[in-house]
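The two complexes that follow have chain A in common; it is paired with chain B in the first and with chain C in the second.
Showing the complex of A and B:
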């Protein structure tokens, strides 16, 4: 009896999230309306993230023709692409800059969605699939960072994977060896080497894109089925047609953003921000150069890891991840005012730690 | 006077042979000035400097390369075309421009090394070698430089492509704006038609 009841509730839950009567072009596209109010700009952030994802796919596919996933030739193949292939530097810069832009827009999308309380019933699965996409985007960043096989790439990956080992100290008995085994499984051996590069390459170009397509499909289907959330406590009552008006406005935004992205990609090589010894081919026999750091979008957890006890930060990360997935349940009854304050606090933390993380680190670690 | 000059040259040659490492004064001064980390690959073939047996280090040189190295070591005065096998193109360029004697003397004022380089730009990235030396960016890597300087240079270099890009975007946005207006007009017309038919 209990099982039958649970099954019925589960079916009812799914039926509410995926209403069959709305699964038509007419309901999902032609009749869909987008609310118009002072937070309407936030409705463009998801589309922007999708736009950068498309650029990632296109430029990534182009680079696949030249990239060689071998420790002996990976760096040289990237150098060849940058210096000798017509348009290669531009494609690589577009890929690098748009990856950062994608992560930024996904983070902003998450914060604004949270602030607008767009995760409420029946949009829980839209939120959960979005959070999982955020995790995937970080996965793309982490695995893609290793592929050029330069000093900072390999050493930062070593540091990142090495932090898994630290969990062992907090596990009892035989379990304490589990993190090391997990790390070696991920990296394919005792150290970061060819097996790691092969695995990260496969994960970056096959596994993560396939999972992303599935999750993105679910996310977009959910968005189209339930429409955009009202987003504000007092709706203006004004709306605009999703098709064609909102789509066309989205395209305008994409056009302007592409102009900005292309200008930056043409004019500023992404690697110019690195000290050149960090961009030199990885040398397993040489000393580790100074300044090994992850990409800017990991600073929010990198600097706390450097400054605070590991157990505290790791525990905080675990709570944050589970908390993000459970947002629709935890904040079900919270007002938009409180949600906006929380989102603003998170945004301030992210901005401060990203821009001033190094200065804060030097201040608290005595300049070392 | 001549004897003194010859003696100085001989002493410098001996010094160069005996202490065959990169001059750390230059590296330290550039790092301090630029706030960027550099290594011996700024001027040398090998990032760990000339001593050792790895590629570009003295211990790995063939007899012919040794001869080239000794020729470069005797280039005390400016103007000599040198091809030292332990130096990269920028390092050799420095020896050509200054001569070994002056380079050794500039260890007391390392950043003055930039002053005599003029407008030379070995990697062709639009930022002069002198400026790259002061910025701590590699003078032989065209995609490496101070990001804001590269932005300025590339905005000027790619002005035609950028203007085309701006025009394409403007035309696209203009076209889409007209489409939006047209659809809005159509929607209002349809609404008006509906209301008329309702009234009728």
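Showing the complex of A and C:
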């Protein structure tokens, strides 16, 4: 009896999230309206992230034609692509800049949809799939960083994976060795080596894209089914047609952004900010060079890890991840005003730690 | 002379600038602008003032960025592509500024109506600006890649001025043209409060955000023309516009696809190398393959053999460690201790697994560069408060003589045994012995 009730409720839940009667081109495209108000610009951010994702796929596939995923040849093949293949440097540069741009727009998308309470019923699954996509994006960043197999890539990956070991300290007795075994399972050996490269390559190029396609499909389907969320407490009543007006505007934004991205990719090599030895091929028998740091988009968790006790940061991260997934439930009754303040606080933290993380770190760690 | 030019003049001119501007704002606030002469002469003004302002604003922005963030600027301009882009933009802006300014000067000098509103200061400003722009172009052409060298010379000099610790050593070796460019800049800063240059403080940025205003003309001719422009739709012209626009879009699309296709074909055709480049590439590949092969042969050796040679004891040094690979394929360091016996210690930081550096400091410690932990090489203990909490594990070793007889062993805990008896080991001949690591001392996962 009880199970029957549960099943019925579950079916009803799904039916509300995926209404079959709306699954038509007419309802999902032709009839869709986009609200017009002060926060309308935020409706472009998700599409922008999608655009950068498309660029990643195209440039990524192009680089696959030249990349060789073995510790002996990875660095040389990337070097060859950059220095000798016509347009190779541009493709690689586009991939790198666009990855940063994608992460930036995904973060903004998260903050604005949170502030606009776009996760309210019936859009819970849109939010959850979005959060999962966010995790995937960070996974893309972490695994892709290793592939050129240069000093900073391998050493930063070592540090990143090494933090799994730190959990061991907090586990009792025989369990305390578990994190190390977990890390060695992930990296496929006692140290970061060929096995790690093969695994990260497979994850970066096959696993994550496939999972992303699935989640992205779900995400986009539910966006089209339920339409854009109102976004503000008092709708202005003004809307514009999704097709063709909003789509055209979206394409315009994509065009402008692509122009900017291409200009940056042509003029500024993404590794112009690194000191040269960091990009030299990885030497497993030498010492680790100075200045090993993750990409900017990991600063928000890297600097706290450097400054605060590990258990605090690890606990915070766990709370954050679970909290993000449960946002539709936790903030069900919160007003948009409060949500906006929370999003603003998060944005300020992210900006400050990303721009001034190093200065803050030096201030508190006694000037090393 | 240099002292006045580089230190006295700047402070003098900045004082004059600040005091003068404050006084002018207080005494004659409505004069903080540039007297317009658009009513008197329009065509040449447009030809001159627009390129001039676009050019000079780009140039000033470039100067400002190089001054504000010299470190980022330096690493950026170390890049050839970026440097070329920046210098090209700079030269284009300079050409625009010089052209526009020349038009403005010419217009001032030859238009009779303008003479009435031209005061002496206007001419001085125009003249100085022209000289300054030409000087700047001269410097950029004569001493190439100013975008790069300025980060190490003029930027730190300006910083020293603004932090009130003037240091002219950065710029004292610069050629006369640069000196003049700098000096003239300071003179012009001082002139700002007394001339039309003051309009830099009253840029009407509000225009960019104010609500749009519609100008409604009352004369009939204007009225019909403006209404047509504002959207009085004429089906014939609109059709023509549509066809023209479509044609433009198609042409742009074709051009773009041709360009993209060309690049794509080039990309997939791959590298076209000449002989030396091919040789270099192959050599590099082989070298990496050899390094990998060497690493894998080390691994094989560790699987097969019960003991592995690290070095001769005489080759070890108390201050600079010798890297070797332990039984787990992790980096390790070998030193010679104070008692002339080897010290073997893991070089894999117990914090996050970076490789510890090999040189020993005065306190007998080696440092992990990732998060700055210091480890004592004798005990392996990290310094108090270090990110690493666990000591670096010490490795056991064997000492063999030339015939392969084991003379002395030490396990990871530091316990020594003398298989041949303690007296068999001659302290004088220690340097000739060989240091080996042994599988039986290897502690899995330590």
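Following the convention adopted for this analysis, the second predicted complex is superposed on the first by the 368 of 368 C-alpha atoms of A that agree within 3 Å, B and C clash if a C-alpha of one lies under 4 Å from a C-alpha of the other, contacts with A are read in each partner's own complex, and residues count from 1 in each chain.
In this section, contacts are C-beta pairs under 8 Å (C-beta built on N, C-alpha and C of every residue); 3 or more make two chains touch, one makes a residue touch a chain.
These numbers were taken from a predicted model, which means no experiment stands behind them.
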item: Simultaneous placement of chain C and chain B on chain A, clash or fit; value: clash
item: First, second, both or neither for A:63, with chain B first and chain C second; value: neither
item: Partner chain(s) touched by A:289 [first = chain B, second = chain C, both, neither]; value: both
item: Which of chain B and chain C A:248 touches, first, second, both or neither; value: first
item: Contacts of A:306 with chain B and chain C, given as first, second, both or neither; value: second
item: Chain B versus chain C as contact partner of A:269, first or second or both or neither; value: both
item: Which superposed partner A:82 touches (first chain B, second chain C, both, neither); value: first
item: Chain A residues touched by each partner, larger count belonging to chain B or chain C; value: C
item: Partner chain(s) touched by A:125 [first = chain B, second = chain C, both, neither]; value: neither
item: Chain B versus chain C as contact partner of A:177, first or second or both or neither; value: second
item: Which superposed partner A:155 touches (first chain B, second chain C, both, neither); value: second
item: Chain B/chain C common contact set on chain A; value: 266-269, 272-273, 275, 286, 289-290
item: Residues of chain A that touch chain C when the two form their complex; value: 62, 65-66, 70-73, 75-76, 79-80, 84-88, 91, 155, 158-159, 161-163, 165-166, 169, 177, 180, 190-191, 193, 266-269, 272-273, 275, 281, 284-290, 292, 306, 365, 368
item: Chain A-facing residues of chain B, complex; value: 36-39, 41, 47-48, 136-138, 141-147, 150-151, 154-155, 158, 161-162, 165-166, 169, 172-173, 176-177, 179-180, 183-184, 187
item: Residue ranges of chain C in contact with chain A within the complex; value: 72, 75-76, 78-79, 81-82, 85, 263-264, 266-273, 277, 281, 284-285, 288-289, 291-292, 295, 323, 325, 328-331, 347, 351-358, 368-372, 387, 389, 445
item: Residue ranges of chain A touching chain B (in the complex, touch as defined); value: 82-83, 89, 241, 244-245, 248-249, 251-252, 255-256, 258-259, 262-263, 266-269, 271-280, 286, 289-291
